[in-house]
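Paired with chain B in one complex and with chain C in the other, chain A is shared by the two complexes that follow.
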Partner chain A sequence: MAEPSNAAPTAPVSPPASSTPEQAQPATENPPQTLPIRDSKPTQPTGDAPASTDGATDKPLTPAELKKKAKADKAARRIREKLEREGNNTTSSAAPPPSVGAQPRQPTTPKKDAAGTGSAQKGPRAPPPRRGSGPVAQNGSVLVEQKKKKDDKKVAVFGHLYGQQRRVTVGGATKEVHPAILALGMQLVDYTICGSSARCVATLLAFKRVIESYTTPMGTSLARHLTTHLSSQITYLSTCRPLSISQGNAIRALKLFIAGIDPSTPEASAKISLCEYIDSFIREKITVADQVIADSAAQKVQDGDVIVTFAGSSIVKHTLLLAHNQGKRFRVSIIDSRPLFEGKSLARDLAKSGLDVQYSLVHSITHAVKDATKVFLGAHAMTSNGGLYSRVGTALVAMSAKERASGVEIPVIVCCETIKFTDRVALDSIVVNEIADANELLPMDPPVSLLVPTPDAYAPPTPENKKGGNRTPAPEPPVIPHKTSSSPLADWHNTPNLQLLNIMYDVTPAEYVDMVITEMGSLPPSAVPIVHRMVTNL
Partner chain B sequence: MPSSSLALTPGLGSFLKCLKTNPIDTSIETLISLLKRRQIRHSRSCATATAYLLRSVISACRTTDSAKLIERVQSVGRRLMAAQPREMVVGNIVRRVLGLIRDEAEDDRDAEFALSDIGSESQPQTPRAYDDASLPLDRDSPSFRAEDRSSRPPLTSMFSLLSHPEPENSLPSTPGSSSPSGRFASHGPSKDVRAEVLEGIGEIIDELGQVDDQIAAYALDHIHSNEIILTHTSSTTVQKFLLKAAAKRKFTVIHAESYPNNHEATHATVSGSAVSDDDNLGLEAFQKPLIEHGITVILIPDSAVFALMSRVNKVILGTHSVLANGGLVAAAGTRVIARAAKVHQTPVVVVSGVYKLSPVYPFDFDSLIEYGDPSKVLPYEEGDLVDLVDVQNPIYDYVPAELVDLYITNLGGHAPSYLYRIVSDHYRKEDISF
Partner chain C sequence: MASTTSDAAVADTKPFDIVATYNELLRSDADLTMPIAAIEALVLLLTHSASSTISETLDLLEKSTAHLKRSIPNPIGLSAGTDLFQRYLITTLQRPGQLGPAGDFKAIRTHLLSNGRLFIRRAKESRDKIAAFGRGFIRDGSTILTNGGSRAVAALLQKAADEEGGPSAVRFRVIYVLSSTSPENKHPNEEPEGMETVRALRAKGVPVSTIPESAVAYSLGKADMVIVGAEGVVENGGIVSRMGTYQIGLLAKAIGKPFYVVAESHKFVRLYPLGQYDLPIEQQVVEFKSEEDLAEERKQQSSVDTNGDTPIKLPLCDSVDFTPPHLISALITDSGVLTPSAVSEELIKIWF
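Take a look at the complex of A and B:
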């Protein structure tokens, strides 16, 4: 579930390097993971913008770049003039931004962003006319250029998913946000807590602490005020990472329970009953459910089986360990993928328990599935049309299992608690998804570059070979030197037309799933909406 | 290793350098060890190296007999193929060279058959009889000639028909010329065999150099405006194909990074900072990347292929080698991509030079797959895990023919089912298993 061992090396690498310049700055939506050059946030405080320009001009500019910059300046001037012609009311309405760090700013940001991407879908080049007129008026050229650059980095098809950028530090949170929630937010961001059920449990536990330290203000009742208090916590969490389906379901149930509390109940007993409710919810929906699922799924494992699984699902791990403890002899083939490598911790746990484990990456799915007898998959959610919404790559595994060259289909079994069922529908993976920071895709393991000196040795001469025409000359030095210095992608933010896409989930069509094992029994995927209705009506 | 002294990294560049200076046997050994150590990797580099090596083998071979040439090429070819059986292009080039020699030898035979009377049965006797007859004839006066001629028809009837005019023509000029010309007719072409074969190999080498551009010429037929193209690995053939279309049209390219075996090259290709490794002979280094043509390139991890396939219009794949049944051996991960494309009814186009087309019908697919360095999958920093688990890193995938919709070679576009015809056009039956 939580894999500190695997998340730890990736996340903490960057903050020390680039967080220092950010500290003075009130708005902290700028992710420190991103390179310092990339100050492309539209809600940039104006005081910081000149600094970033300086940073950009520090580098020697090629003639091409200068030309581009001049062009952008011109475009910005035109827009500014146009905006001024259009009327000053927009400018005055957008004047408040100086207080960027304030809470009210938070909710407006995503909305504005969404508007920006909406127009970007049609033509990423066209500067959106309405938005950000305040900053434009003050420092138009830089911001327009940054905006353009930022839109350029958004994959048009997924425009609707770029809504908000993940928060990376706790700064800027309002005082209402409980420390437990702040901590949880950070753990969610760096994938210390990862996986649908883990996130759900962690959220509920954090809410329990919020409720424990909660006192109803004067003049209102717990049932009325606690919900809004929790809402601000939830808003904060969702800026860290979009809420999972399971989190959403748990929160909905909790809110329903709060609303059902009799206003005349004394606060202390209401809080106790709430905490008890949370505990029993976790126990019922996740802990016990997991045991039930693992029990029935382990029965499906037989001696001599070769079981393929993708990435690291906690419930699949429980199942396999249980089957192993029951004395069944079988082999496990774990398929893993970049950039999270969740399968590594699963492989480690299983191998340490004495299972026969094979580990491979997405590129060798065909080979791993070749002699498989069953596929066990975890789920992030099950959609109402029977689709399995899970870690990106799951669909490939399920597809390969269903279309083996020999013609024999391998049963694909999904282990999923009913709390992960949703009434949303998804035809493909583009409707619903989550976009993670594309910088995670940059290869950034320094040990590898140390062990293999050849790319480092050969990288520096290339820009000279190419007469500096193709890229900005020597882009490596300004970039954080220890990270991805050898990677040709290190400078992707400043490379026009190059986009990196790091989506987190995909939807496996229902026809690839043979069975969904839930705590309410084993079902076909078509039964998901029925079960969901039963569960939510309870 | 002589190559190590010449160049920093052994590879195609160093091999070609040392090919000029080193004795031929050393060169053969060098290439064998390069192949064995996988220091020469891309199919085109292997093909080029093989072609150059065979050219020097043939030019070093002082025989004029085509049978001996074939034997020599076969023995070298067998050793090269044994060094790296999965590198099928090596065998392909050897087969094509063998085919060249056979063609030339046959042409000679035909020519000889036409010019001088080399009936297979009468050959041993005729030249002798001819010589015996002609030697005294040289000294004799032309007046005897008519009588001599009249005595010949009983020996060979066919020849008389064709050669009758010749003696008449040669009569006034030089009396001696008739018999030496006969000599030349039997020996000259066999000398030519070598020259012509060398010329033919030169053509193969030229073809290898131009193949990508020839394939790219078909790009505009297949890529249209606003399409979304998905590709995989850093194949130069695919890149050139896309670049050609990019000059005229605007489209989007989704590039799967093919982690862990080729992601670095893919990243370099995508961002336009491709290192000119000597295997590519630096030709591509001067190419502008797609992004500079205004083409949006989206780099995705391999796992996201299925998620994005519903928006893709066409999948364009490079390959390692193509088999006669229309299947192909390509970088690992290709098969899932092709399968995902099939599921989404997206056409899969494979671009490949004809030189990659191998006359091999696969029965044991596993034998085609090469496995690579497992530390790329699970680095040794994770020592505890490496100890416990079994790690696999296949380098290639076999993609069955039914997953491919179209092949584009330098000869044009073909259905997978048509490939066997191209195989039989390019390789001779007797060379398929030499």
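Take a look at the complex of A and C:
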């Protein structure tokens, strides 16, 4: 995993580094010429780019300086690339406008920056969290004012999460990134592939294609080089969307397996065994695990139940369909939320299979919980203190179920594969989270999907969707294009004192979860670290 | 193992009846718990069966287990034993080597039988171990509230009472909650469960007060702690126990007294009830009846009085409830004193 600091493998790092300077920058109205100057703050080499390249030519170069120069050149190139991308964005309004991003979880970038630039790294990070609340400085500098304006658009408490902007095009990707990964990245960005398990499977399958088309360069061994090669793919993916816990766990397992390959193994057979490993990993950890979980979760469904679920978890869908096929008679109440509307496709699929479905949005939770008997939830991750890290709104549903006014508790059941367990601890939803593009909160034209346009994956928030509590067996109303300008918030970038927050996850404390169903059996949330330890030691 | 030989003699003549064996074992040995009786019955079954392949054995075991579970009104306790045995069997068969799938089946069988017996013997000793662990909880001058007829609790209390036989014994008092369920009991003169323990404790010089269940809240102020037994310890650390334990747990929590559970670790069941009504048994505790229903019932009773084949219903005095883990301070088991959340860890250790 450790990124060697010689010239060749630094290339993968360029995308994240190049977008770091953009972090404060909401899409379109930004004059591009200000960018290089603002860039001077984040990282030293980036800022010094023009100066050092000029100065370096007439001095004799030490190896360290050479390295610095290479870096500076790269930085300059990055700025050029970025400017190009900027230009694209301003002209093509069709693409989802980039603005506030989310923090990447890739370890390579910070490590490298820290190694290369020493303390310079501190520069951009220190001020942001507080800036939103501070008074706007009244100095004459246009630059500073503009910067203030950008930072005002960050919600102060979550300031640390606006680390990096999501990538919106494949532009600027290094040549090492495999086409399968490029495609996957775009699918991740526009939520075509959404959900922790789906992302994990898609990533592994893409890696399989990377491995299939991989040839070990001369003078190195597969076990050593493939890991770095994969790292560049992973870095690219994480600029598209921060990696999920499941992706991280799968990648860790895969790298461990690669590292364990005997260097004397012929490349062809090593690749075959790797592909087999990926296949069996997917089968074991996700496909079969899902079946086992659905099987034991369906046993908890009884005749006459009213089951509340939140958003669109695939494992909950399997469970409910299985219970339905077993002849159990129960109702399902799907709670959904903006802006992803993941519950819609779930509602459609369940209703199509003949289940009794009620669909409502999260603000009508009190009504939905009133006659509920059980709550089934999916998970993005389970943390070591038993917290459930899942789509934002989950905690609200779990807590409403547990603290119902009548005093009768409704059991809250979480279905989660052990691949989603993590040894991290989450005490709140602030420290670790993901911030999505705030523009998603605006009612707007359906964003043009970069790949196949799939309406459910990214449904436009039309006003029709607000009929909470109605039964909508066919929950997809025809997409009525309406004027973007009609949204009062459309111009939020330029409205002073207005911030939009589009947070993606929240943490449900362990005491609101009665039971976690995994492929290893049913556990209380307190047993998550034990099982995680056991699974990772195997 | 005296019963083993006598049973073997009987079973040679007629087909082996696992249910009868199980009931017979429970009746013959008052110290036997349900899971152990179930395991012993299964071991006996294997001794009698003529199975010669692994899959045949597993199949036989599965069928008999299912049959046994169906025929017993409350199979929670015994399922701990049958699950454990089955698990043990499978792991033994999966192990490579002489006893693995490639090995000689006869060797496997004798190994299984001898180990099964060893397991039973160990399980019987576990009560002494529990008493050793739990003894420290009972201190001089304390008052303990307990209920039901748990042998593990009785063993613990008696051990504390006659430690070193006399002077060094702990001076403590016991409030014994005697169940007063079943007003329509067929044997009104039958003494309530736990009376035997009360007598034994009194004989050892421990002052015992017996109270009805309705006086628990009233008496709890005088008690320092609650110690109860369990029929089964479930995966989330809660217990399935004699009806009335749950309310004692609730009251103890409300009053702020520690609530300890004494249970052997072979009573850990792979079961995860979400509430009182999520137990895998049919209990008729809350039954709504109008005068019309009662009349109908009387009519039916007179007509089908002789027919005993109606589906088995758990009589009220044998019914159980579920005490959720947040009411339990600690579980005193033969593998140590555990918090409720550690139970799932123990169970996972057994199962994986």
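The rule we apply is simple: the second predicted complex is superposed on the first by the 353 of 538 C-alpha atoms of A that agree within 3 Å, B and C clash if a C-alpha of one lies under 4 Å from a C-alpha of the other, contacts with A are read in each partner's own complex, and residues count from 1 in each chain.
The criterion applied here is as follows: a contact is a pair of C-beta atoms (placed from the backbone, for glycine too) under 8 Å apart; a residue touches a chain by one contact, two chains touch by 3 or more.
Please read all numbers here as calculations on a predicted model, not as lab measurements.
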Inset, instruction - Following the overlay on chain A, give me a clash-or-fit verdict for chain B and chain C. - result: fit
Inset, instruction - Classify the contacts of A:Lys300 with the two partner chains as first (chain B alone), second (chain C alone), both, or neither. - result: second
Inset, instruction - Once the structures are superposed on A, label A:Thr174 by its partner contacts, choosing first (chain B), second (chain C), both or neither. - result: neither
Inset, instruction - Would you sort A:Asp428 into first (chain B), second (chain C), both or neither based on which partner it touches? - result: first
Inset, instruction - In the overlay, answer first, second, both or neither for which of chain B and chain C A:Met520 touches. - result: second
Inset, instruction - Classify the contacts of A:Pro411 with the two partner chains as first (chain B alone), second (chain C alone), both, or neither. - result: second
Legend entry - chain B versus chain C as contact partner of A:Gln326, first or second or both or neither: neither
Inset, instruction - Please indicate which partner A:Ser273 is in contact with in the superposed arrangement: first for chain B, second for chain C, both, or neither. - result: neither
Legend entry - In the superposition, chain B vs chain C on chain A residues touched: B
Inset, instruction - Quote the smallest CA-to-CA distance from chain B to chain C in the superposed model, rounded to whole Å. - result: 18
Legend entry - Shared contact residues on chain A - chain B and chain C: none
Inset, instruction - Please name which positions on chain B make contact with chain A in the complex. - result: 9, 257-261, 263-264, 267-268, 270-277, 285-286, 288-292, 294-308, 310-311, 331-333, 335-336, 339-340, 343, 365, 369, 377-379, 381-382, 384-385, 388-394, 397, 400
Legend entry - Partner chain B, residues of chain A touching it in the complex: 155-157, 334, 337-339, 344, 347-348, 351-352, 356-368, 391-393, 395-396, 399-400, 403, 405, 427-430, 433, 441, 443, 445, 447-448, 454-455, 458-459, 462-463, 465-466, 470-471, 487-489, 491-492, 495-503, 505-507
Legend entry - Residues on chain A engaged by chain C in the complex (per definition of touch): 300, 374, 409, 411, 413, 514-515, 520-524, 526-527, 530-531, 534
Inset, instruction - Mind listing the chain C positions that touch chain A in their complex? - result: 235-237, 270, 272, 274-275, 278, 325, 341, 344-345, 347-348, 351-352
